[in-house]
């Protein structure tokens, strides 16, 4: 099967979920009341989902922060609210009064243009405001946002709707982080708290080895285009759509499984510098990495911590919680490599956005049967550093700090994971983390060039 | 006035509060039922006090831990319970079953003989067990302790009563730490949480300078005895009572006030190495110390954080939250020195255990009127390093890890503070912290030798 | 002026200096004795240059190492020798005996396939072997290499000549590092040692502002090729030559001068996060950067440390010793950007390799008169992360650790500097350092896209 | 045998070596020319000894500094010279001009009253001034000091002689440090440099176990006096002589041997917290200590690095290069304790200052035959923290920074070592290092109380 670059121009499509107005052009052609109603439903759905994710938590959990990279649930709930207050209510709602004078400082993440931020590693110290007060903050902002949607001048509506959509996508990102951060913090508690009970199909069935599709997907490359197209929502970092030249390549149809990765471990992969980037080997050595994050060997059997507690590793599931360094070393161990982000995007543009995403309720990668779609299960590390596309321009104003200033030292990941909302992900979506980061649901899809 | 060493031999006396059996000899002469009843009342009072101290807290506060030196309230509540479970129920109550298999690990502080400990800096991550579960743990252990008191063999009663008394004194220490740890963690929250409302007499009255007693207290020294005597409760580090030779000396009748310490600040004291020990100046420089912990200069006025929130510094109150290094530098700035622990104890042996202790409810030093008793307000840094007394022997068994293994690198403090229970402190009591520690209620009493 | 991609295929040309066999094809067609003679001359010249660079040093200087990133001169002299011993003498010279059993360990830099390495930060502790012993090591290896050149089988000669050429290029890299490392270490000595006296033309003439060429160089881009071509020497990281698609762009004809950079400083550039990448601003803040490395403000006048000691900053010279973060922030301050490495290479392929390189003897950037050639003065930071070219393959064997394993977290620099030997640099040459690195002669050339 | 406190009042005596004027009273009664001649001889001898110790060094060694606690030989040579220049030539020699304007800054160790100091960890970076320049500095200052001795007013002579004597004792301390620092730095070099060849009697004879004197030395204690007495030289920290009360005690007549300490190692001593102070166990764990510094297990045999290179551990020699923590843990392992400094001094006051000191030329502890004198071989850790004696006053002026400001966090050591000049040590001499320090020649003598 050859999927060529000729198809690329047709762009991404597929159903979009609740975080966007689907097709901005269609939205624009609606009557104003319908426009506002659609905005209200979008907002309401996203906001409710955040609260729903917190149902299993007790009050103490809301302040849980294990390391500076993670944030407590309470902070996620408040920060996303601060985003709407700061970028929508303050500029657009007449006579709006801040809910609390200190929140501007406490819940600003990194927007220097908005003001100084409370120290990131200390977010867990904010036992006050209490979770009840934060919920009251949410309710108050929700009410004001609804008021804004209902009452803002029609001429402001395009700007308001654009920022509202941005705020909703922002909140969806924090929903994902809320789960990954919580998983990390829970994992350090020796009593291994359970966020949700395990889905019934998670039998600890690692006996049967699955039959692999022997045929990798092939792409002819050539002069292609990548970057966002169409009128759906996108972040500034997906722009502008631009030309790239790709040599012919193949992608593996499946994500590397726990069983495959175990072979790397058992071959001494963590101790053999020949497979590793120099910085990667230094990091693995300094941190004592000998297996993916959350794995633990107990009496000769591998266990892993999940959002459903600790359980035996299912060898047929995609491996997850590996750093870029481990993904890259594993690929070299196999004589393969990671795909570039352009290679990945070209492949993804023609397939539906379907897979094991958050809506499946599993919140964990699912056993592979030889094919994993490009979306869902785990974010896929690419070989591409996170850089601006040619001609990239950040958004104007403080929201311009959203993406551009992070374009250094990080690697691009693609495809979303089992905790990404289905409506949030798309072919051109660029996620980014540092090479040693492991606490996201990150995994490995192999690639190789086609020699001619 | 001369208070001489001749009086030393009469030993400490005074009323003892709820943490001890007052006079062990008297207790021994009681009928067994009365003995057991007294033990029960002692235990009940101490345990209730811990819970009472937590009344102002919300659930999130129970996991609050800002730095590794401090522990969250939940941990204090559980660890003190673990102490009774480990040293009384396990060895003495037949068929006792541990409340939870993981607690032995989670709530052991530093008893290596008992097993490995959960990492100290991560105590705040224990959102589970919840505070409700910890309260259930307390209730369960309380019930079993009462059962033990009622039913243990008479031959075991001496050992049980000794360990119970130790556990009660241990819990009182953690009550003090619960307050000082909470104060520290709250202080880092920009919204400055209030633990209790301020006492009505805390007028911000720093206008009137108090009249100082011009006469320092004088002591002739000579060959004296220090160390615990009598049959009341004591820790092993107060033993054995032994002879020391002291030159004649004077003690200041008052604790250094905020106003006096401000003169040191305003004289550039923090930037003048001639007043400081070399390690102290290096620490002050590295940490950027320019004033006591919790002070903050706002628009030219000094404020300090208290358990009643932030308020203007009262210049007539004893200065507190200064490290040994600052206390020592201040003394040198004045041409004086800190007292040795023997000098302090000799003076304290003849005065009643009275002062601004926890029972006053103030939980903050009180304005001085020229005399501060040796007990209460602030712990007083001494010039003595924390070392074993000649012939010191730790308690046998795991409880021997209580004091002896910390006898290095720390300095002795004496006298108790405004958060020390009155029944807990005595003339021979040796507290100890590291020279840079500041988060306890620590203060300064000056001394000098009498040249002859 | 348009310089188009059409010309790219002609490849780099120009005279090559002593570090390569110029044109391998030509060399291959020589008679064997001439081949060997040419190898001998190449080797002799490079080796002599290393020793010559050390003429100004005293014995103590040979062990000088200020930070782990730098190495002492003695170590550079020994490590380059170790390279020839390890990769040429051991495998190819019959019955070769190592000069010293410990040197394999002491002077291996990072070749894991060769064995464990002596800790990098401790290279300065190797006062023994003495510099005399290291010179004897060099002499001994030189003699054996000459013997190898003269006597090796003709069938081995291609392999030997290839490794010898690699070793010579490797030694030239260390010659550059020897100077930049020494400059860094000397700069920390308050008596400001002088490596060589200043060239007579370095008048402290910063009065006259130079006239800038107003016209930037323009390139039409399109589908181009980059990567090494031709039969001259190259490193594996310059391969394979491959297609890239470039939008039209302009390059500044001059390097940013000290005077221009001063405007950034005086505009508060170091304190304005809007110009910086997030990681860059964090680094600048943590390190307290307020100006390029080696600058110092004395009584209102800027001085900088050079290999000729400290002297006033010449405002017409290209700014140097700035990190990638500073270069990137400066570009954003100007509303411009840094060029990508492909943009740079395309421009460089058609110009001669000429400029202020090491042979000028200046060892410092020269005042600009409005045009700086692409080669010399300072390495030019590009916007490209250091990644493998599509289809990249490392060299086989231990020398494969030369480049590939460093392809993460670093940025590409192009063009060579005032301490790079002229024969060492070329259009396709890829240098790489970490974004915060400042101790190399690094500078800034601006670029911008051409909107169409 | 009982050696009682009655004898204490007779004070220390014995022959004093070149670092002091022996008996100041006697010196005062000499004719002025003889006084000056004696000063000159004292100075000349000390200064020559420093240079002589450097004979085995090559130029690179003079800048060798492995960690901030140690200093390079060049720095010791220059700093001791700076001491004479600063405290004698500047104040007392008319029209004296500093040898070099930067040396005041470069070679000041920690005298804040004299000015800012060059960063201690960077002393090894001072390749310039060269060793030749430092030797010229020494010669110049020597000439000026001789001129001062010859020409200063008779009225200044007492002050000059006092400071000169202090400077000579100061230089002797740096002679000892020069050797211990060099040993540490050399030990990190895998080729194990040799400072001097081994004495012929250092046979690797660890086969024969020595016969221990079964009888420990006993002392009755009581009310005693300690502190310096007599008219010989002393440091301010040995004053004032004062009363202490001691319980009866015993001292071991021998220093703990390598063989005895090996029993601790083999009993798992380093992994058993019950023997250790809490801070000590944490330090040992963090540092990975499993044996004394400089020991290394090679093929089942213990080797140690010495100033004569690496050689098998002689099990009959006193163990050395152990920290206070290890000494204290070893004592607890034996059921004994370390002596207090008063106990040690009382015992030492009545014995001659004789032992394996620097003059033996061995520069290493000597095998014990069951008795080690109190002086020489290794400094003996005491159980006493380094605190001011009652009534202690530092010297006036900048030289007052010599001792007093270090009286925190350190432990007292007594008796001198195999690299201490014989004339430098005495019964009342107080040395001090931090509990984890290991690079001095430190060892262990056990003590115990006598129960009555």
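List of remarks:
Going by the order they are written in, the chains are A, B, C and D; count residues from 1 in each one.
Going forward, contacts are C-beta pairs under 8 Å (C-beta built on N, C-alpha and C of every residue); 3 or more make two chains touch, one makes a residue touch a chain.
Owing to the predicted nature of the structure, the values given are computational and were not obtained by experimental measurement.
Placing every chain at the mean of its C-alpha atoms, the farthest one from chain D is found to be A. Measuring from the averaged C-alpha position of chain A to that of chain C gives a distance of 39 Å. Centre-to-centre separation of chain A and chain B, using mean CA positions: 49 Å.
Between the CA-based centres of chain A and chain D the separation comes to 62 Å, rounded to the whole angstrom. The set of chain C residues touching two or more other chains is empty.
If you sketch which chains touch which, the chains form one closed loop in which each chain touches exactly two neighbours. Chains touching one another, given as pairs, are A-B, A-C, B-D, C-D. Those residues of chain A whose C-beta lies close enough to touch chain C in the complex are 110, 112-113, 223, 242-247, 273-274, 276-280, 324-325, 328, 383-385, 387-388, 390-391, 405-409, 435, 449. On the chain B side of its complex with chain A, the touching residues are 58-64, 66, 74, 102, 105-106, 118, 122, 124-131, 185, 188-191, 193.
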